[in-house]
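Chains: A, B, C and D, in written order; residue numbering restarts at 1 for each.
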Amino acid sequence: MAIELKISEVKMSAEQSGKWGMVIDQDICTGCQACVAACAMENNISFVGEVDSGYGRSMHWIRIERFWEGEYPEVKMTANQPMLCQQCGHATCEPVCPAFATVHSQAEQLNLQVYNRCVGTRYCANNCPYQVRAFNWRDYKRPEPLSNQLNPDVTVRRVGVMEKCTFCIQRIHKAQDVAKSEGREVVDGEFTTACAQACPANAITFGRVDDPESLVSQLMKQSHGVKHLEELGTLPNVTYFKGG
Amino acid sequence: MSNKFSRRDFLKLAGVGAATTAILTGCGPASRFVKREPYMQMPEYTYNGLSTYYATTCRECAAGCGLVVRTSQGRALKVEGNANNPLNLGKTCARGQATLQGLYNPNRVRGPIKHTRGERLYTADANPFQDEFADATPNMDWDAATQAVADALKNHKPEEIAFLMGMAPDHLFDLVTDLAAATGINAPVRFGALSMFESRATLSQAAENLFGHGGLPLFDVGGAEVVFSFGANFLETWLSPVSYTRGFAGLREAKTKQRGTFIQFESRMSSTAGKADEWMPIRPGTEAMVALAIGKLVSDARGITVPHAFSDVDPVVVASRSGIALATLQHLAGIFANSTAALAIPGGAALGQSNGLAVAEAVLALNALAENFGRHGGVFFSALAPNQTEYQRPASAREMQEFAQKMADGKFKVLFVHGVNPVFELPASLDFKNALKGVEQVISFATFPDETAFESDYVFPDHHSLESWGYQRVVTGPAQSVLSGAQPVVSPFYDTRATADVLIAAAQLAGGEFATALPFTDEVEFLRSKIAPLMEEKQSFFSAPDLNTFTAYFQQYGGWWKTSDGRRVPNTSNALGREMSPAEAKFAGEGEFFFVPFVSPTMAEAGANKPWLQELPDPTTTVMWNTWVEINPVTAEELGLLDDDIVKITSEAGVLEVPVYRYPAIRPDTIAIPFGQGHTAYSRYAEGRGKNPADLLGQHFNEAGDLAFAGMKVKIEKTGKQQPLSRLESIMGVYGVGLGEEK
Amino acid sequence: MTEPKAVDLLAVFPDLEPAANAIEHLRSIGVHDECMNVISGIPVTEAMLGRPHQWTNVPRIAMGGAMLGFGAGFFLAYITPYVYPYPIQVSTQSFIPGPPTVVVLFELTMLGMLLSTFLGVFLDSFFPNYRPMKYVPEVSDGKIAILVECSHIEEQKVTDVLKKMGAESVKPAEAQHL
Amino acid sequence: MSDNKHHAGHSHEEHLREKHLMLDPLPRGQMNDMVMESMLEKPTWKFWVVVGFLSFIVVYFLFFKWGVLIAKGQGEAGVMRPDYWGIFLVNTVFWIGISHAGTFISAILRVFRAEFRRPFTRAAELMTTFGLVQAGFSIFMHMGRVWLAYWLMPYPNQRMLWPNLHSPLTWDLLAITTYLLSSTMYLFLPLIPDVAMARDRSTGWRKTFYKTLALGFRGTEGEWTHLRNAMNIFAFAIIPVMFSVHTIVSWDFAAATRPGWSSTIFGPYFIVGALHSGMGAAVAVLAVIRGTMKHMKYFIRGEHFDAIGKLMLIISMAWAYFFFNDYMVQWYGGDKWTQQLLHFHEAGPMGWMWFAMLVCNIVIPWAILWNPKWRATPWLVATVGIIINFGMWFERYIIIPISVTINRMPFTWRLYKPGIEVPMGIGTLALFILLYMIASKLIPLIPVWEVQEGQMAHELKKFGRETVVSVSELE
């Protein structure tokens, strides 16, 4: 009885397109790294030092990619491309974890990372086509008193644990709680992720994609929106507006 | 689009909400500080898990962006932009975000210290990941410290006392200015590496030459259709990056008109140029003639008589000198001519040359040609901040040179340093460090153990900006006249004291005219005396019946600003009538390479002590934690250089060894090095990391007295040494290096 | 089958042939097959010795084990997903994934089967068993030993038959520690 | 004794007997003694030196370094983004591969009654078990929080969680456990009669040891029947288990969404690869046993190397076939990332390894193993075997750390530089050899009863003028 109920829930959520989404306008992204810094500050991301960061162990949850086109003097810098967890609807990282450490959230339709379940097989990161997962290669400590700035709403990760962008789920929950206590729905734009909030160019827009009225949905309707590696059927929830 | 604005408005509201919490939490003038409580016993107004938000002002650079800081149980947790503040409308740059890493930096000066010059203020090799107590222990109390300041003030002749101050905070500058005015001590000198690289003096000088009176021009990028930028890296650190970035977004999003065109003339592709539709790798020194040539071609295209300003320039010559084909020049002129809202911005390296003033004038003249003065998408004079009668520009490099000379000559017996780190920021050739030796007593108010503090006799640490009161004048950016207010969001972490308080107390001790000059009980009272006049202002964002409430609002909203447009329209009657010389810049030193130092967009002048800023990849090269020299791959090949090879760069002023980054978007005859690293002090994260290009800079200035930092030529030689640069990008994936020979 | 005054003889034969004959003759003088047991150093089939078919439970136990294993697999694959406090969904994969289920069922079935086979050998042959037993070490040198345990036929007769059939030695078998 | 008989006559018959162990029977007792001697002979000082050396490596490189790894985190290894998987998994796959030979020889060859298998089924089975131990170690080394490895076990727990059956790693866990257990049991069953034999001819602690192991086995009809049945069941049942294990290992990669990995042929490709390296290892081990242990020249002869050599040749061809099959399809697919990957394999900084793999796995085996005379030369075949193992290790290295360098996000591409993995990998190898050396002194490496059984079944038969070997079915 209860079991059937659960199954139906799962079926439903599997068919849903997603709930929270993001639109990133690469044309106005200046690559200023404000989002990266904001993300690090909000989510207690540790810095890893020169050697490790140079060896691909930096733990940025969001990174800004840029490439080059052409040769000098006709060389062009491609539009900056902030790359973060795409919160896939059909995430390739989820099924491969033997410990259910990364699962699909029923409530938020997000791709959760459950730190305390993670045993560090790193299969999820290996299987992420976007390569946006960060692993705690060492126990990167923050010398006192730096730890005073740690955000109490976000778990501090220890060595051997995988982590990644959460769409600032702590902010989502906070907003939902507030809205609930005031007996209303969360209003579009009432809150936003750390990166979107910081972005000086306003290149990042975050909101409900299942609400046609929301700003993010309206932007997504625009023709020039692209979803990365969509061809893999990952159902990403981040839409990009290409530059130019 | 309307939604976006509606959303922005909403954020404003949210901000107000946040700010409202602030007043509710009794952070009115009644309570000066929020105590940092243990998690067990919290202040009565904090609820477990509920955060308190305080509006204050960012001091990572002098722009004066408003911040709202989230605190919990007296700890600062997160910095957000203040949505009320017209300057940044709730946005922040990376440096602003990292402010907290300054507040909780593991190497801060923990209290007043009397120390012998050159002595360390923290242990050299502190582990960046372990909490090692690495700082010099305070060896005197504040009474003694205040006494020392008092003595310094009264035991010397006024002309023997000098104040060297940073670009922020303004309230302290005003306080010292008042003090100086009343007591006849030397007026405080302000300086900052950013202002040096922005060539502010040149900008206002050029404005004065063209428009009759000086001031800081404001370029309405957001409203323009076509933007020609001559070296102005306004998306990085230039003047007010956050508001200019917003402007750029406006230029691109352009809901009402076409997507704006943006063209950058720069010998090296900065991350600003990277966003340009066309990057013109112009030969350094030819900016002026190119601007003039474009002016001439535009006039031709418009079929009007060529104004006097552009008359004696020959586009053909220009094309050959600048490396921009004549056709391209004409094409660009066409773009400029056919636009109804064209804008030309002078800045950055273009002004930091021997003919920087000429460049600035020529580019401003282009605007005159575009007749965009005072028009949407045009050029204005920035709105003067409240309680500001005219634009006070910081000291130019030449003035700093004179200042240093006076110090060396022993003209000053006492030097107070606050908010600036001249030993690191000024060109090594200026040898500020040695000049300090000519000063009997150097008193530093440094919050962090920086190079200048190392060279001081006393270090009387000021609070971190998030622990401080104050205000900052917004000199450019918004249309309104804005005064960003600062208030402590947490109680001081260490035994530091507000410099204003120290000076006021010391003045009282010193007695006499000092006492009368600063008749305040403390900093806050001084602030209120400065804010009080604003109550009478019209069209203000808020008003209040009495000063207490007014000050409370001032703190809630994070400042005070007008609702009216305060931008002034330059008088352009004779802008185009002037004689303008298309002469090329002169370059100092022999050597085959133009040398372009630029301010690191993520680090700026004071970010190096914040580990997360160190770990932010540079927008153009994605290098972290280090300094690099950008060399065109072709040149590198000729010199037999590969990435990470260390090269020896020799200028007339000095020598520097820096690892190579083969940068595809820089002129083959030019090399560029970011400024911001290369500290010899300033915390475990900054010290001994990277190199300081200021070591290569000689003492050459442009007509306006700004440093010709881009006016040098240097030699490069291979050292055979290597140092791997840590980059976020993949050399394989981005440059195809190490993937095997091409398919 | 061991009575107090039972005749217990252990005859050692050099080779298969004589042993087989001996067994035949013993049977002819009325020694029941149950009373005889052959101990050899290599697996000699019943057919070779003309002995009745040996009964073994190993295959059945194996089958049983396989079923148990399958059960365990079934539990893992079909029951455990429902004992979570809430349904855990990964990607859009169905709640109970099809193909992986096959893998789990297969592995656990095999595991159960092989484990029980192993166990079966122990059960059937009363392993491990460190009690004294009737045995001659020569067996492991390839000799064939016949163990006769009879009470209803006099010892002498049996001994003669065995001797006649070429037993190297015939001696009363007493249990010893191996 | 046997030797002079060997070198006596040179008639065709003599030659045949000399050649085939099965036609060259010795009294069972004598064979027993030979095996016992080979086991009991006093180890030379060299032996102890080697043991000491290996133990040091195991203690320092394997366990001490492992402690360091656990204390400091995976950062000690060379792994990073995008190479989240490194040599630890290379070794895992490698050792599992080695372990396949044992089952192949003792199960498949038994099922098909390949008689030449008889003397060395046990030697091979030992490889299986010890190899799997190393594989297990390697996979645990790889885990970021190995102290929580038990979370992957299916048991009711306060976390209210069961392993995620969607994950190939969970299948791996089940499969490898199954395989380890069953191959160990399969090693033990045929061992019982031999330890019983050893029990009958030893004294002191060994007596107790063998007595305990022998479980009181006498060799009664009943015991033999149960044993035979059990061994038959195992022989048949363990084959699919073996196949499933490496197929599932291959799925760890094939199931992933990565260029170069998602390939349907990985299953068989991996199995053949496993046999390839396994056979190579087996033949090397045999050569060592034959060279170093007493009387082994009698039991392990040229014919065996010849036979295994043939297998190696066939498997090498099969591997080549699967390799090309995989390569061809990947190449033809034309996906730009896969193209990039293939290019990177061949022309990239590790291109030498790609070509070395082909040389070691195809060129050298084909060049040498076609020749019957060379094939019968133990040291030569053993060398080829070792070379093949290098080749197969390269193959896994190319499939894992090199292939994950190339993904769909070029911004993250990075070349993998091994760190602590190398000493720890050497540690596993040392442990493998050490276990084997100890085992060779403790249990009879030759299943004497199987050999005797075989010798009984073989005979020389005359057809007209020709004398030929003929085998009779005993069962």
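Observations
Note that in this section a residue touches a chain if its C-beta (ideal position, glycine included) is under 8 Å from a C-beta of that chain, and two chains touch if they have at least 3 such contacts.
Quantities reported herein were computed from a predicted structural model and do not represent experimental measurements.
Remark: among chain pairs C-D and B-D, C-D carries the greater number of C-beta contacts.
As a whole-number value, the distance joining the C-alpha centres of chain C and chain D reads 30 Å. Taking each chain's centre as the average of its CA atoms, chain B and chain D sit 67 Å apart.
Separating the centre of chain A from that of chain C, both taken as means of CA atoms, is a distance of 63 Å. Computed from the mean C-alpha positions, the centre of chain B lies at a distance of 90 Å from the centre of chain C. Each of the following residues of chain C touches two or more other chains: 88, 90-91, 93, 97. Residue positions of chain D touching 2 or more other chains: 161, 164, 166, 409-412, 414. Shown for chain A are the residues that touch two or more other chains, namely 55-56, 63, 65, 67, 92, 94-95, 97, 100. By the contact rule set out at the top, the touching chain pairs are A-B, A-C, A-D, B-D, C-D.
Interface residues of chain D, counted against chain B in their complex, comprise 339-340, 343-344, 346-349, 351, 405, 409-415. The touching residues of chain A, counted against chain C in their complex, run 3, 6-7, 9-11, 13-14, 88-92, 94-95, 97, 100, 102-104, 106, 235. Those residues of chain B lying in contact with chain D across their complex are 728-730, 732-734, 738-741, 743.
Note for the complex: chain C touches chain D at residues 37-46, 49, 51, 54, 56, 58-59, 62, 76-77, 80-81, 83-85, 88, 90-91, 93, 97, 100-101, 103-104, 106-108, 110-111, 113-115, 117-118, 120-122, 124-131, 133, 135, 137, 139-142, 147, 178.
The touching residues of chain C, when paired with chain A in their complex, are 82, 86-95, 97.
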